[in-house]
Structures are given as C-alpha cells and as structure tokens.
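By written order: A, B, C and D. Residues from 1 in each chain.
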Amino acid sequence: MLIPLILLPLVAALLAVVAPWHQARSLLLVVGSAGHLLMTGVLLAQPAVVGTPWLGLDALSRLVLLVTSLLFFGCAFYAVGYLEYHRVRGNRVMVPCLLVFLSAMTLAVLARHFGLLWLAVETTTLASAPLIYYNRNRLSIEATWKYLLLCSIGIALALLGIFFIGYGALVGGVHPVDLQLDALLAAAPDLSRPWLHAGFVFILVGFGTKMGLAPLHCWKPDAYGEAPGLVGALLAGGLTSVAFLAILRALQLMNAAGDGPLARQALLIMGLLSMTVAAISMVRQPDIKRLLAYSSVEHMGILAIGVGMGKLATFGALLHLVNNALTKGGLFLSVANLQRGYASKKLWEVRGAIATLPVSGTLFLAGFLAITGSPPFGPFMSLFTILRGVFGQGATAVGLGMLVLLAVVFVGMGATVLTATQGPAVQLDTPYQDKLLVVLPPLGFVLLVLVLGLWLPEPLVSLIREASALLEVTS
Amino acid sequence: MVGLLVFGLVLIATSGVPGLAWRRGDSGERLFCGQVLAGVLGCLVPLAATAVSGGLRLELPWAVPAGWLVLELDALSATFIAPLLLVVACGALYGLRYWPQAEHAANGRKLRLFYGLISGAMLVLLLARNALLFLTAWEIMALSGYFLITTEDDKSDVRQAGFIYLIATHIGTLSLFGLFALLGQHCGSSDFPLTASLPAAGSGLLFGLALLGFGMKAGLMPLHIWLPGAHAAAPSHASALLSGVMIKTGIYGLVRFTSFFAHIPAWWGWTLLALGAVSGVLGVALAIAQHDIKRLLAYHSVENIGIIAMGLGLALLGRSAGQPALVVLGLSGCLLHVANHGLFKSLLFLSAGSVIHSVGSRDIDHGGGLLKRQRWTGLFFLGGAIAISGLPPFNGFISEWLIYLGGFGVLETPSSPLAFAMLSVPALALIGGLALACFVKVFGVVFLGEPRTDAAARAHESPPSMLWPMALLLLACGWIGLFPLSLRALLERAVSDWTGAPAVATLSADLAPLGLVAAIGWVLVVGVLLLGAWLHRKSATAPREVGTWGCGYLFPAPRMQYTASSFGDSLVRLFQFALRCERHGDRVEGLFPDKQEFSSHTPDLVLDRGLHPLFSAIAAFLGRLRRRLQNGIVACYLFYVVLTLTGLLVLVRL
Amino acid sequence: MLGRIVLHLLVLLILSPLLPGVIAKTKALFAGRIGAPLLQPYYDLARLMRKEFIFSRTTTWVFLAGPVVGLVVPLLAAQLMPFGGLGASLSFRGDLVLFVYLFGLARFFTAASALDTGSSFEGMGAVREVTFSCLAEPTLLFALLVLACGADSLTLNDLLGPALAGRWHSGQAASLALIAVCLFVVVLVENSRIPFDDPNTHLELTMIHEVMVLDHSGPAFGLVLYGAAMKLLVLGALLVRLVLPLQTGHVLLDLLLLVAGLVGLAVLIGVVESTMARLRLPRVPQVLVGTTLLSAFALVLVLR
Amino acid sequence: MSESLLANLLLLSVILINFFCLGSARLVACIRAIAVQGVVLALLPVAVHGLCAHSLVLGLGTLCFKGVLIPGLLLRAIREVRIRREMEPFVGFATTLFLGTLIAACAFLCADWLPLAAAHHEGLLVPVALTTIFSGFLLLMTRRKALTQVLGYLMLENGIFIFAVLLSEALPLMVEAGMLLDLLVGIFIMGIVINQIRREFSTISTEQLTALKE
C-alpha cells in the first residue's frame, strides 16, 4: 500500500509527459492527486500499516501525509483553472513536475531511512525548481537560481549531517552501522556524542534551509514571490512540513540519545530568530507574496519554538503544522487570484480587493486573520496551545517575546493586507474574474481552517497526541 | 431557561445572515430587525429570572484542546448584559431608517451581518467561563467591531481609523493570550477559577497583562488611541454599540479577572484609580477641544471609562484593605456607571446620528437652532447630556454619587492607609464640571441659537422609528435616576458575586440613601414642571417677533454666534500643557484689519504626538535593517548559513 | 421634618432678597452715597413679576428652563443645608454630593438658556460661567473633604453640626480657617461678585452672570434674580455656619444668629466689592486654581 | 599500508586541486581541475576499501558522473556563454588562498580533536573531507559568477563524498547511487538555469541576479 502511494503520482506524471492534450494532463493531475488523497485516507483509516525497513508509517508521518495530500489535492484542483488561464504557456512541464513533486514528498514522508529521506527531499528541490521558473522571466529565473543553489547547499549539509551521525555510530562501536531510523534509535545511546551533535546541527541547518528557518530563509521571499501561487502554497504548506518532519526525525534521535534538551534549545533559538527576522521583514512590506513568504518564515519559527519547548507546546506545534499548511494554501491561492486580476502583487496597484474581487479579496482577508492567530480560526487554537505550553513550563520570557513578535507581525502584515483589501473598487485591466474553479479551493481551505478552530475531530487529536508522544523522551 | 438564552443568543448572532440574500428591497433589514428583537426578548426572560433568583449554568463538551463550553449567567454578567440587550435592540430598530439598504446598497448587508455577530459575541463573552470560549468570543467581537468601523471603507480616514483600531485590539488580544495562558498555569485548567480562589502572590504580571489587554479595549487613557477615530468612523448606531457596550467588555474583563483572587495587592487598586483619574480629566479636556461631535462623544467615553475605573479602583482598594463598605460603593458605582454610560452614551450617539442624518455633517459648528426643527431629537440629546454630565435627576448622578461616597468614605476611618484615595473626589468634581461645560457647548451650539448653515436651516425631524429607540433609552436613564432602588438587589448580588462573600446586611445600608436621592429627584422634576408650566402659561401671549438684543449692534448674523472652538477655548487654554492644541491663523490687528482666518485643531496626545512619530521611526529603522539583511546577494546568504552553522556548533559545544 | 422644611423655605423665600440689598447699601455707604433702600430688591422683584415678557424669535423653551431650574434648585438645595443652628430638614449620607450637583444642574440650564438666544455676548457669559465654576467645584469639594476628615458621617448636617465648634479649638483650626477663606472665594465666584464679576458694570464684554440673562425679561428675569439671591443665601449659610458654629438650641435665637451672620457676610462682600478692583479675566482662572491648591493644602494639614 | 598511503596521496592531490580552484581565475582550468578531482575521488573507494564489488561500482559511478559527465556539462555551458575568466571576485584570489590555507589548518586541527574511529586516526580522510567542504563554501561565498558557484557546489559535494567513503561499507549502494544521480540532475538543472540566465541577462555573473531584494 505504501509503494503504490508513491508510485501513483509517478505513473500519472509519466502519463502526463506522454499525453498529447492539455485537458488530459489537467485531468491526470486531478485524478492523480485525488487518488493520492483517497489512498491516504484508506491508509490513515487503518490502525497499523505494515512497513518495510525503508518505508513506514508512524503517527508523525501520518500527520504530515494527511496535510500534504490534502493541500496537494486543493492545489491540483486549483491548477486546472489556473492552467486554463495560462493556456498559451501550456502544462507540459507543470503537470509532470507537480506530480513528481508529490511523489517525492510522499517518499520523504514515508521514508524510514535517513538516506532515503535525504534523497526524497533533494528530489523535491529538483522537481520544484521548474515550477518556480514557470513564469519564465528575469525575476523568476533569479528566484529559481537562488532557490536551487541555497537549497542544494542546504541539502548537501544535511547529507553531511546524516553522514556524521552514521560516523558517530561507527565510532561508537555500533555494528552494523545502519542509517535506518529504528536501528539508529535503538543504538542512539551508544552514538559518539560529538558526531551526533554535529550531525544534528548540520541536519537542522540543512533541512532548516529547506524549511526556511531564519537566517537560512533568504531564498524564500524570492521563490515564493516569483512562483505561481499554487506552487507557493505547496512550498509553504507541504514542502516546509516535510522538511520539518526531517528535522523532527533528527530530534527523535537526539531524544533517544538523551540529548533532547540540547536539540530543543537549538530549535528554540532558531525559532525565536525566525520570528524576529520575519517580524522585521514584514513591517511596511509592499509586496504581498513576499509578505506571505515572511509569514511562512514566522510560522516555521513558531513550529520550532513549539517543538523546542516540548510537552504541551509540541502538541500545539503539530496542530499548528496542520493549520499553517491549510491556511497558507488558502492565502497563496487567493493571492494568486488577486495577482492575476490586478496583474501585480505590489501594494501600489493592489487596492480595494474586496470591492473589486469580492470572493478572493475576502478570502485573503480571512486568511490573514487566520494566520495571525485570531479566533475563531484554527491557528488560534494551536498558537494558544503553544503559548499555554510555553507559559506552562515557566518560560515566561519566551512567551512574552513571542507575544511581542506576534504583535509586530500583525501590525506589519495588517498594514499591507488591509491596504490591499479595503477601499473602493478598482477598474481591472485584465479579463480575470472570480470563477468557481479558482475560488473553491482557497474557500475550502479557509473553511477547513475555520472548522478546525471551532471543532477538532477526535481522530486528529489522538493522531497528534501520538505524534507528539513520539517526540517526547520516553525513557 | 438556558435553552431560551442560547436560542435568543443564536437569533441575535445570526440576525444579519438571512438578509444577505436580498441585495435590494427592505425585506432583509426587516428580517434582521425582527430577529434581533425576538432574540433580545428571548434573552430578557432568563435575565429577569437571574435578577430574581440565582444564576444559570450550562456546560457542554467542546472538541478543542482544553476547550469546554461553559456558560454562566450570574448577577455580575447580568449587570453588563441588561444594557447590552437594550442598546442592541434600540440600535437595530434605529438602523432601519438610519442606514436603509436602499441608500447603502454597498455596505448595508455587511453592517447588519457584523452588527448581529458582535452582539452575539458580546453575549457569549459575558457568559463565558472558559478561557478559550472567552477568547474566541472576544476576538469575534473585536473583528466584527473592525468591520463595523470600516463600514464605509471607501473613505481613507475610515480605513485609517479601522487600522488603528485593529492593531490596538489585536495587541490587546495578544496580551490576553498571555494572560489566559499564564492563568491556566496558575489554576490548572482553562476554565475560569472560582471567585476568590487564587492567591495573588506572583500575579503582578497577570495584572499587567490584564490591564493592557482589557484596558486597551476599555480605552483607559494611554491605551485609548483607537477610540476617537473608530467611534467617529462607524455609523452612529454602530458607534452607540461600540461605545456604549463594547468598550465595557474591557471593564467586564477587569472585574471578572480581579474576582478570581482572594487577596488583592493594594497597587492594583492604586493603579486603576490613578489611570481612571487621568483618563477622566484628560478625556473630558480632549473632548472639549473637539469639533466633531462623534469624536467628542468618543472622548467622553474615555472620560466615563475613567470614572468607571476609579470606581473599580476604590473597590479593589476596599478589598485589599478589608473595607466592605468601600467595596460595595466602589463596585456598585462602577457597575452602575457601566450600565448608565451604556444607556446615555448610546442615546447621545443615536441623537447625534439623527442630527448628522439631517444636517449631513459631523461638525458641531454646522448645526445651530436645531431644537426648533428637531424638537424630539433635541429633547433626547438634552436628556442624555444631563445624564452624562452626572446631574440629577438622571442616572449618571446615581452612579457618580456612589463613587463619590466611596471616595469620601475612606476618610471616615482615622489614619486609614487609603486616605489618598479621597483625591478621587476633587478629580470627580473636576471631571463633572468639565463634562458639564462640554455638553453645554454641544447642546448650545448644535441645538440652540440660529442655524449656522443652510443645511441646518433646512433640517427636518427624524422618522419615529429613529426617535422611539432614543425615547426608550432616555426612559431607561430616567428610570435608573428616579427608581435607583429597583436595582439594589441586582447590584448587591453582583457585589457578592465579585467578592465571593454572601451579601451582608450592613452592605444594604450603604445603598439605602438612594431612596432619598430619588425622592429629591422627583421633587425636582415636579417642581420644575410646575413652575415651568406656570411660566409658560403666563408667557403664552408674549410677543416673539423681536430679535435678540445685540448690545447696541444692529446687524447680528448667525456667524457671529459663539462657536464650538470659541466656547471651548478658555478651558482648552487651561489644559494647554497636556492638549497641545494647534492654532492656525493670525491675530486681528489694526483699525481696519484684513480678512483673517482662524482654525484650531487638537491632535490626540498619545497617538498623534507619541505613537505616530515613534512607530514611523521604528518602521523606518526596520526597513533599513531589512534591506541590509535581504540584499539580494547569494554569497551573503551563504554567509548567513555558515554563521548559523558555526553558532549552533558552538551552542552544542560539540 | 415638615416643619423644618417649611421653616427653611420661609427663611429662604423671605430673607434672600435682603442680602443683595445689604450689599448694595454697604457699597453705597462706602461710596459716600445714601443708596437705594435696603428692601429695594423686594420692590424690584415685585415690579418684575407684574411686567410683561418679551422673547427673541430665536429662543425656544430652553430659554425659560434656565430661570425655572435656577429657582427650584436653591429651594431644594436649601433643604440639605443646615441654616445655622437650625439643622437641615433633609439629611442623608452623601447629601453633600447632591448639594453640589444640584447647583451644577442650575448652571447647565442657565448657560443653555443664555446660548438659546444666539447672542455672542451671552455665549461669552455662558463660557465664563461654566469655566470658572468647574474650577471652583474642586475647591468646594476639597473644603467638604476637610470637613469630612475625621467626622464619622457624610451628611452636611453632621459635618456642620455641633462637633464643628470643637474642631476650631483643636489643631484643625488652621485648616478650617483656610477653607473658610477658600469658601468665601467660592461664594464670590458662584454669586458673581467683585473681584470676579461685576454685576453692575455697563460693559457687557466684561460681565459674566449678568450678560447671560440679558434677554430675560419680566417674571422670568424676576425668577433669575430671586434664584441668584437664594443661591447666595444657601452658599452663604455654609460659610456662616463654618465660621460661627454656635448653637443655642433655641429656634429663634439660632435664627437670629443666622440672620446676623448672613448680614455680616453681605456687609463683608460689600466691603470687598468697594475696596477691590475687578480682576482681569485671564487672572480669574489663576486665582481659582490658587484657591484650589490652598484648599488642597488645608486637606494635607488635616491629614497630617 | 600501501593502500592507506595511496589513499593519502590521493587525498593530498584533492587538497592541491582545492587550492588551485581557489586561486585560479580561469574558469576552464577550474572545471578541468574539478574533473580531475572527480577522477581522483573515483579511485578513492578502491584505495580505501580495497578491490571489492561495492568499491568498484562506486568508483565507476563516480568516474562517470564526477569525472566525465558533469565537467562535460559545465564545459558545454561555458562554451555557450563564452566566458573564460572570473573577474572581480568579492574577495581577492590571494586572500581566498590565504583563507583556504587557514581552513585547511583548522580542519586538520579539528580532525585531531574529534573522536575518530581507531582505523581512521592515521588517514587523512576526515581532515581532507572537511577542508574540501569548507573550500567549496569559500568558493561559493567569494565568487560572483554563477558558474563558479556551481564549481563551489561541486567541490562541496566532493568533500561530502570523501566523507561518505568513510562510511561506504555502512551505506548501501542504492543511497549512494541515488546521491550521485541527484547530483547529476541537480547540476543538469543548474546548467539549464545558467543557460536561461545567460539568455535573460547576457552574462552569467550573479551580479545581475540581485534584482530580488528588499
């Protein structure tokens, strides 16, 4: 069941490469993602899935798989309408790349072997590079270049980190040395500490680059800013979650080795730094999509802080992972609509969005409120849970710092979003209109986030609880 | 009973939803109004039941982390809910003609949707006994408030006001996040702790966060920055709701929060007392300097919140020093003034709206002589003005009297540690005097004299559906002023809800003189009416065709009347040290002076003089920093990677 | 109680026009004139009551509300105020606040009725009235606080009761004297006397109270004058009681003492009016703020 | 022992190539040097682990990718963009070389300080791996041309490869093969991107690639 889940999008991608018609490719995209979602649903419904040493499904990967699949489905649905609009450019590159991207993300989520995990994450980088370059202009090439270079280097560092851990096993006298997760976890207490620590740092920096923790985030505003909205959504919601999962795997290892506190401290520092840098960058940000990119940096920081604090905050962070992904989906897709309508993503042109494009504008505003942690949206619940966790452990200074940074973020983001959405209607030069196909996915995401803020399904809660138990020191 | 309450609540909260279907025609607004009124009636029954017997409680599971749907209606909540229901109903009715869908096709539906939502959210907030439920309702209220304020978002000043409001309210909300997260740690669950169950030790941070979060909403002085702009920007009946009711949720929060603690540190009370006095005096001083009637009323909200905070501060001091009489007087003054302010401020906003509706301007100096053209509106405004100035026989006097008594009361025990609390008395006196001056100015300039503009000369009376809500509110003001003892039971129960101790018999004695106050109020009303009737009959045949005596000048013109600026000028000069009023225009000099212009403008002390420049500087600095950090050079980004790597390696000490 | 009320009303109604007469007579004597008879204010009132009204076309019913409230308020306030040895007819905890605020109501309507005429002169008067009063109000309350200090009651009747005599002999005498001075200033301000206002000037630009009632005529003007006289009496009674806290227990004697005190106060006012020049208008707020500080100082002395 | 000697000789040549790349402005020469480095690396598994199937396959794969295919790709790219020299680096060549020496010294010190497996105390694998990685980073951070940055990336990967050789018996072949393939695809895509850059900007200096900033 696990291998078909990876292969399904891959097969669809292959078919899309050979398929001669535009519509057929769009259909393949939707069918592929729907099939993926369906199979994910079936998998998640099973209490236990038999895995191999290479692939497996624990609570953490269940959670990330669910998020990724859901997000991808919405984006695929959206892509149909989007590509219809960009008919001239075609979808010959876009659709296969998207499907390969999905496949690689799935592989990364399911991988139980650090090497395989690394391979899959690297593949996501490569598969997403053409997606970022979709618009084929100077800016998008620059963004792609920076994305590719920084992420490749980051990923290389992560590989080195993995090797360090392996070498730590070798030095520690573990035999046979195996980068399989369960084997490493079992052998963790024997690993050579300096190598393990260095390995964790390299993995944190490497996958942190991919995830976009500051100050490793520099590719993010450029890539998110220039990529099509749906790619931005997939990167900000899906890819970052996958990279975060990779970091969590390393954290599991550190926990098993009894060095959890050290790892958590590093995560906490990175998290606070990310929030700070994001807050600084969001003040008076005139570019809407770059704004969202910085918001992504901020939320990666929040995730890191949550996991860094542990206990209840971990639960909150994992819940926040879900909320953040879905909200980012809604935000990026609605901003994509605005960008298409206004033919700009700069604040001096995007004005009066609610009056001009009522549905997309409203969704953008709602997404903004959601992502900044306003009740009754889901991120509030997770954010508040993280805060309770932080304060609950007596880290009052961290909690207050977070609150101050959240306030700065709100001010910065609010100034831009409100200027863009409020005001009298503008005459648009483009023929774009809010059509059902491009409005439904962001609407779905925002509604989902709203529901998660008012009612958390019991299975999800227990899943997150199990997942956060995996990140706790068990001994 | 609980079912009825929830049913009414849901009806109110969703009242704007059905109307979304009608873009044209008035079915939507009628449906909205009907639903609000039905919901209010539904809620009134359980409310009345609470006033008679004990409270109601509802507990249901709620599938969010640490969430639990706990609603409880006790006397403390009831004192906030009662004026809320009245104002909501009056505003809904008023809106039918004030903001008809036919004239406001673009934003009428939005206004009604959020009007219903904010009312429902406030009800939930006042009933909630769980932190998550409270915060959710709080933010729904805050956001709905934002959309009410930006009803006319095609105007840039409205957007500006809305933005400032949103920032302020969100900062408040964030500090409440911190507050409730910390509180949850203190009491072990996110349900509200029982009254007087927490020790106060180490809760200074809690109080600070509560003061920031709730004070921001209430509009205590340095935190009032959002209030004047927001109330001026919203449609009048929405302003009535925001100013009359919404800002009181901040007070409610403070009252509820302080009720959790068994012992109150004295500095909490002193802080509130001092902030209250500053808000009161500076609020009213700023109000006098305004020309925009709604901004003026908004500053009066700051003033009244100050009075309320002084009451709460006295009550807190009473708690910390163990003086039950002070607790009763302070808290019942505070609670009663909350209700009173809700009533008369709504009344004033509605009647100001009626003036704006017919004159078409918010500028006080564009009115004049309206009492002849809008006799009922003028009468209602006058009633509200007397009430808000705290003059007998209206309700404002009753609550201020209670707080005064608290202030005097601290002197009764010799060498009491609270002796300095008696400074609230002269502060209240100054506030009262200034408020009186301010409302003489507004009423005189807008309603009396000759019309200053053509629009004022052509003004017409508002339709009955706008007048009845005002009449209802004035009646309520009069009721509290003339039958204050009818509220005694509710107030006493609210006090015992707050302190956690059952009401003691001696406490009633403190409120007993209210009967005599009311009696004197009655004599006053009857005496004035009798003498007035006599004078009126005697003067029935008098000639009314002459002009006002011009002191020898033969050609007086309406423009020569005293204006709002000139009226406020002498008082504004007295407070120049704090107001920093800006004057534009030259002195008139010489025997045959040229044409001169004069205008004055009083920017907000905190917002325009302090925060605006400060935040601009910070934003500019952050912008420079951002450009330095994200400079577009890949090599530099790689350098960050190396730095991070090195830093973390040092951190884990390999 | 009913007897007390009637007695208070009688004293107020009969005695009050006498005080302006005394003041006028004193001033005349100082100026070396014989002056109008002592009872001239009574004649004036009687004449005004017989006269006709005349209304500006600008005015509304508010124009008449001013005199009406201005008359009713002192009548009510007098019931709360002990008239010398005659205790207050109505007394309850916190009546002192009501006492102060009743006069606030009167001020509101007086100023409103001035604005009702649309005359800029009357507007000017209204502004001055409300400005000066809101500066005088804290002084009055500081004075009341000084009186309330240590007294275990919050009624005017008890604050100005028999215990007051004892306090003059204790260490509080200094602060009592201070507030007596302050209250004298308040009486002067509230009743529009020199040096704060000159009721007899002929330049409207410099008047305060008189300019507010320029347009009132006939019985309405009569009510205004009568109300003003009563206000002087009620506020004067406060000051007299503070300075002369004697109490014989015999109604007639006490009454006589009150009348003597009030006449003395009127003479004093007359002397002040004759010997002082009117203050420049911008100086008035300064003096009032100074008085407030003085009364605050008195409070500090008491609390020490 | 002779194997270890051979390995150390190979590793020393790797370091020399590093220095050459750091100090040279001629791009073609640098690419050739990297190609040589690839070939050297291809010999390394055999030199360290002796002749076995695993080493051979790894060596062959490395030779194909790092020694032939990738340098070939880069050379083609450089022919198309007609650029020969790295001009005006952020940091001068002499300084870069100095820094490179410093890094090498540090790496050797580090390796002494780190707890190594008993078998590796003698060998130069760890210090050379670290030196190569850091030299790659240095190249990336000091040069402006996109192409040089790709070279830096390659050098970084080569360093990691050297480290991987330490572990190659612990690591199944599949992962390593995947890594090499990924590297190829990565460089391939980078090549395409460089081409696109040239088309858009008519130079492959990253100087022009600074439009996206705050």
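Heads up, the rule we're going with is that contacts are C-beta pairs under 8 Å (C-beta built on N, C-alpha and C of every residue); 3 or more make two chains touch, one makes a residue touch a chain.
Quantities reported herein were computed from a predicted structural model and do not represent experimental measurements.
Of all chains present, the one whose mean CA position sits nearest the global mean of protein CA atoms is B.
More contacting C-beta pairs link the chains of B-C than the other of the two pairs B-C and B-D.
Here the spacing of chain B and chain C, counted between their Cα centres, is 35 Å.
Centres computed as Cα averages put chain A at a distance of 77 Å from chain C. Centroids built from CA atoms put chain D at 69 Å from chain B. Per-chain CA centroids place chain A at a distance of 43 Å from chain B. Multi-chain contact residues, meaning those touching two or more other chains, occur in chain A at positions 145-146, 149, 153, 194, 221, 281. Each of the following residues of chain D touches two or more other chains: 114, 140, 149, 206, 209-212, 214.
Contact annotation for chain pairs lists A-B, A-D, B-C, B-D, with touch applied as defined.
Within the complex formed with chain D, the residues of chain A that make contact are 113, 115-116, 118-119, 122-123, 125-126, 129-130, 133, 136-139, 141-146, 148-149, 152-153, 156, 159-160, 163, 166-167, 169-171, 176-179, 192, 194-195, 221-222, 225-226, 281. Within the complex formed with chain B, the residues of chain C that make contact are 52-62, 64-65, 67-69, 71-73, 75-76, 79, 90, 92-98, 100-102, 104-105, 107-108, 111-112, 114-124, 126-128, 130-131, 133-135, 137-138, 140-142, 144-145, 148-154, 204, 214-215, 218-220, 223, 285, 292, 296, 299, 303. Contacts from chain D toward chain A in the complex involve residues 114-117, 133, 140, 146, 149, 153, 156-157, 159-160, 163-164, 166-167, 169-172, 174-175, 178-179, 182, 185-186, 189-190, 193, 196-197, 200-201, 206, 209-212, 214.
Residues of chain B touching chain C in their complex: 368-369, 371-372, 382, 385-386, 389-392, 397, 400-401, 404-405, 408-409, 411-412, 414, 419, 422, 425-430, 432-434, 436-437, 439-440, 443-445, 448-450, 510, 512-513, 516-517, 520, 523-524, 527-528, 531-532, 535-536, 538-539, 542-551, 556, 558, 560-562, 566-567, 569-571, 574. Chain D contributes residues 90, 114, 137, 140-144, 149, 206, 209-214 to its touches with chain B in the complex.
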